Amino acid sequence: MNLSHLKERAHAEDVGAAMYRLISQLYPICRSITGEGVRHTLDILKRHIPLSINEVPTGTKVFDWVIPREWNISQAFLKNPQGERIVDFKNHNLHVVNYSVPVRKKMTLEELRPHLHTLPEHPAWIPYRTSYYEENWGFCLSHNQYMELADGEYEVCIDSSLVPGSLSYGECLVKGETEDEILISTHICHPSLCNDNLSGIALSTFLATIMSTTQHKFTYRFLFIPGTIGSITWLALNEHRLANIKHGLVAACFGDPGRMTYKKSRSGDADIDRAVQLALKDAGADHEVEEFFPYGYDERQYCSPGINLPMGCLMRTPHGRYAAYHTSADNLDLVRPESLLDSFVTYLSIFHILESNTTYASQNPKCEPQLGSRGLYSQIGGDADRGAKQMAMLWVLNMADGTHSLVDIAERAGMRFDLIKTAADMLAEHDLLKALN
Amino acid sequence: MNLSHLKERAHAEDVGAAMYRLISQLYPICRSITGEGVRHTLDILKRHIPLSINEVPTGTKVFDWVIPREWNISQAFLKNPQGERIVDFKNHNLHVVNYSVPVRKKMTLEELRPHLHTLPEHPAWIPYRTSYYEENWGFCLSHNQYMELADGEYEVCIDSSLVPGSLSYGECLVKGETEDEILISTHICHPSLCNDNLSGIALSTFLATIMSTTQHKFTYRFLFIPGTIGSITWLALNEHRLANIKHGLVAACFGDPGRMTYKKSRSGDADIDRAVQLALKDAGADHEVEEFFPYGYDERQYCSPGINLPMGCLMRTPHGRYAAYHTSADNLDLVRPESLLDSFVTYLSIFHILESNTTYASQNPKCEPQLGSRGLYSQIGGDADRGAKQMAMLWVLNMADGTHSLVDIAERAGMRFDLIKTAADMLAEHDLLKALN
Amino acid sequence: MNLSHLKERAHAEDVGAAMYRLISQLYPICRSITGEGVRHTLDILKRHIPLSINEVPTGTKVFDWVIPREWNISQAFLKNPQGERIVDFKNHNLHVVNYSVPVRKKMTLEELRPHLHTLPEHPAWIPYRTSYYEENWGFCLSHNQYMELADGEYEVCIDSSLVPGSLSYGECLVKGETEDEILISTHICHPSLCNDNLSGIALSTFLATIMSTTQHKFTYRFLFIPGTIGSITWLALNEHRLANIKHGLVAACFGDPGRMTYKKSRSGDADIDRAVQLALKDAGADHEVEEFFPYGYDERQYCSPGINLPMGCLMRTPHGRYAAYHTSADNLDLVRPESLLDSFVTYLSIFHILESNTTYASQNPKCEPQLGSRGLYSQIGGDADRGAKQMAMLWVLNMADGTHSLVDIAERAGMRFDLIKTAADMLAEHDLLKALN
């Protein structure tokens, strides 16, 4: 893959705006961990990328878990004593606790209160709540509205169904020259929440698109799965594939204006950890790197001890660290095309580093080879980077003993990966290096 | 062992006060590296714990050393030219240089001066001096008194004996479920000095007492030995036991109000080093950790290259770093029941960590097991620690791959050991973990 | 070798002044990578040390390189339109671009300009320029003079020759008790430049002199070679010797008043790296240590991946970091006898550490041996260092388990190497230590 061409294309095609449009299209759909919302979402993605949609029946055992019943919802509302629909699912998907069991009854405000969820610290926002693994129901509303509720009899209606069906997930395989895989996993279970995680869905979709049209060594597998149960399901059904997965990232929260945050894999020094850190450093923008901890997104499953894939999690502002997280304020105003584009380009840079991370053996390991007589000094040109390019060549030659990858060399030299890679390419062209992998 | 029960007992039984009483009882006795003072001391300890008292005859070869003659003393005094007993061993054990050879003669002040020891910087205190391995005699007195000595003929009397006998030491073995041992070694050779080391003697005695009444995996061996020659003797006579010793601590200086100080073992990263550091960190109080150096107490012998036991030294203020060290000011005013109790509880916490430092293998290593369906989320309760307890469970599950002990997990998670241990216990109860050791 | 005796000798014989005299003698000679200047220089060195002078014919293949033609020059000048010799090689060797091809022609100032080199930022200085591997010619002059050049026809004369001949280098082998070698490599290709590198030539010469008159374990090999092509040549012709080279240093830039700078070997933790750092720390003067990078002097070749010798580079102010570097200001005013002497003594200290870096096995590894009964406590005397000397003995005894060298012990103890070495000597004298190497 040619990173600079891909970057140019991304800018030329305005991928940030395209991602934003996809997010806008998916925003109104009510998703959950199962049900029509997920299917509808995957159908839309299928217009962009060759997506296989998989259905796993309710009751299927996946490791310690069981595929739950399928949840669907047609309508839901709360009527006040005056018979007015004061909360209506039609107005916002977040108004209903996701996975609520069906309910239709009248009750006093006092009886109703335990089923009402608000955010006192953000009184205008609707919170996002779920109750997947405990049978329950509820409504979410703004605290302002909640404070105005008067005593009396309320009518509650949630027309949902929880019946045997299936869990749906999408999978897009972009074949490379080898069967070694890079896995990108994104959760699709959240309803109308933009950053978490329509941004991840859009990013994965457009990464799959661009990688389909370029040559690369790795095979890229993009998973569009409901959180937790989705990754567990995929892992349970695909254990035989895990040995092929060489690197991976859990992708979420890419649209907010915050800096990039990388959470390392369980081992902390996998190639993916080093490639991401190099890409972030080379990009020159403020960013944060944090150690693995067994909480967060699906890295919890991918990095469980019996799976232990070399996968980190790359985001902008992490879950729980921005006010709008899991509220109605995670909307189309929070995510920005330029943040989406920047996230997209960062991912491309990481793929580029992983694709290019060759280990070379110098073909002239005894003393330096003559660079001048091969025209290599003049080839590096006379620009401002000339000195750096020459140092990059010398570093590559010095470290190319068959045990150091280009990432090793870039780290040790403290130089940008692209300089090291360019130097290696020039040296290889002159038969001074032999690629070992 | 149940740490919280033991801590409650320690407080309920006011172990600090009990230790202080034992120190008060032992304070008047004139101990040395051999002789009746040691025997008398061990006899008193025997009233508290099942102590075997060992006698090793003078002349016995112990590695590079030889058991010295036994030293006893009946009286000693210094008479001024007026015939007044101005320094009398009866008044304070420290007045005589410990291990002084017998002497009875008259001499001028000038001849006497080389045998008189004072502390000019603390003119009211009597220093503590010994001359074990060089034949000599002397008196220690306050500098104030020394300054008033007038010229004239002095009468010197030290009625001591240095004759073949034996070196005495005490040993208390508290059997556990296994033959793996934790060794606690305390020196008993100091005369009327409270912190150094009646505090260590009292601590070891009460630790042996409480460990005798609780279940535990390790066998605890408490040594009450004269410094240097005692540890060398025990090691020389017990080489066949060394393989059983898994962890150890040299115990001294526990009664002063200073913070705890841990001096690491020779390797610096033995389990004992990590357990002590974890216990001190979790206790939340100010403390100090220092690297091993081949000076100090009997860790010099236990950590000699041919012995190399995983033993550190846990104290409050270390030898030589408090003004009263090796002076008459190291008396019953320096040591405090509350410091003794705090030291005692710290040792129990360390024992608890070592006892509980299990390595588990998750029985559900592939992805997270369902905690909710097992009632584990509700079991952790709704208190302020709820989040921490849940993280502890997730950390244990994530790290329980059969290669990480609970200490490893607590260190990596940066969490209190008790949280990690409680989480592991809950998970093990639900058959989610299998103990490997 | 007895370091303090050697240091005393160095001061007594005023080696700094002697080195300065040698530099003064060599300063007028026009050296290059080949030719009579180098031969003349080596002939002078031969009066001080037994130097073998090697000639390698033009055209000889040395790894990826070929020995170039021999360059000699008889005269060179530039005449202005008035026929005045305004630049004359007779006045300063730096006036001609080193390795200039012969030229004799008339040309306009405009045509001449690309062949004229100046230093605008230091208008009074003449720069040093070379064109070894590209056929070219040129003159170097002060920028002041350059600014005064008037239009018109200039006469250019460089009477140089580039013909088959040989590359000359010198080699001085100072045999030790073993065949294990310490290699000191110094470049001799620079014309009238004092710090870079007549200082290195003088240092190596006087080190060879003093090491010839003292006993030592290592064999010392001093190479006097043209930069780059010289080290490549030696390595190509001496591959069979490389296994004997245990430590090495590239020696350059010793006369300036700056602090010492050590650039580590490629591995970064070779014995030479640790010995140099210890010597610099123990000397107590400000100094700098930097990581290896594949640029600079001949460490580029010695540390190439297929050679990979444990060699660092010890200098005062490194190349390119002082204003006078590669200019006529690198003259007899820049270098100072006292800096030369300090550099000399530092090298001796490093040799001393390498010579003395024994690994011992304690003959009394079980517990401490009795030091008092062997008179070792009294042997260390009563001076201010008494406590440190005793600690040094205890450290040596504790670490002497057959796996730690004296450098290991000095590093771990954080003590001066000479204290550790003295302690080890005393203990070895009393048969408490056995040397393993």
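Each chain carries a letter (A, B and C) given by its place in the written order, and its residues are counted from 1.
Basically, a residue touches a chain if its C-beta (ideal position, glycine included) is under 8 Å from a C-beta of that chain, and two chains touch if they have at least 3 such contacts.
All of these numbers come straight from a predicted model, not from anything done at the bench.
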| item | value |
| --- | --- |
| Omitting chain A while every other chain stays put - resulting connected groups | one piece |
| Chain C against chain B, contact positions shared by both copies (same if over half, else different) | different |
| Centre distance in Å when chain B and chain C are each reduced to the mean of their C-alpha atoms | 55 |
| Multi-chain contact residues (two or more partners), chain B | none |
| Touch list for chain A against partner chain B, complex | 63-65, 133-134, 228, 231-232, 235-236, 239, 266, 293-295, 300-301, 303-308 |
| Parts of chain C lying in touch with chain B, wherever the complex brings them together | 362, 364-370, 372-373, 391, 394-395, 397-401, 413 |
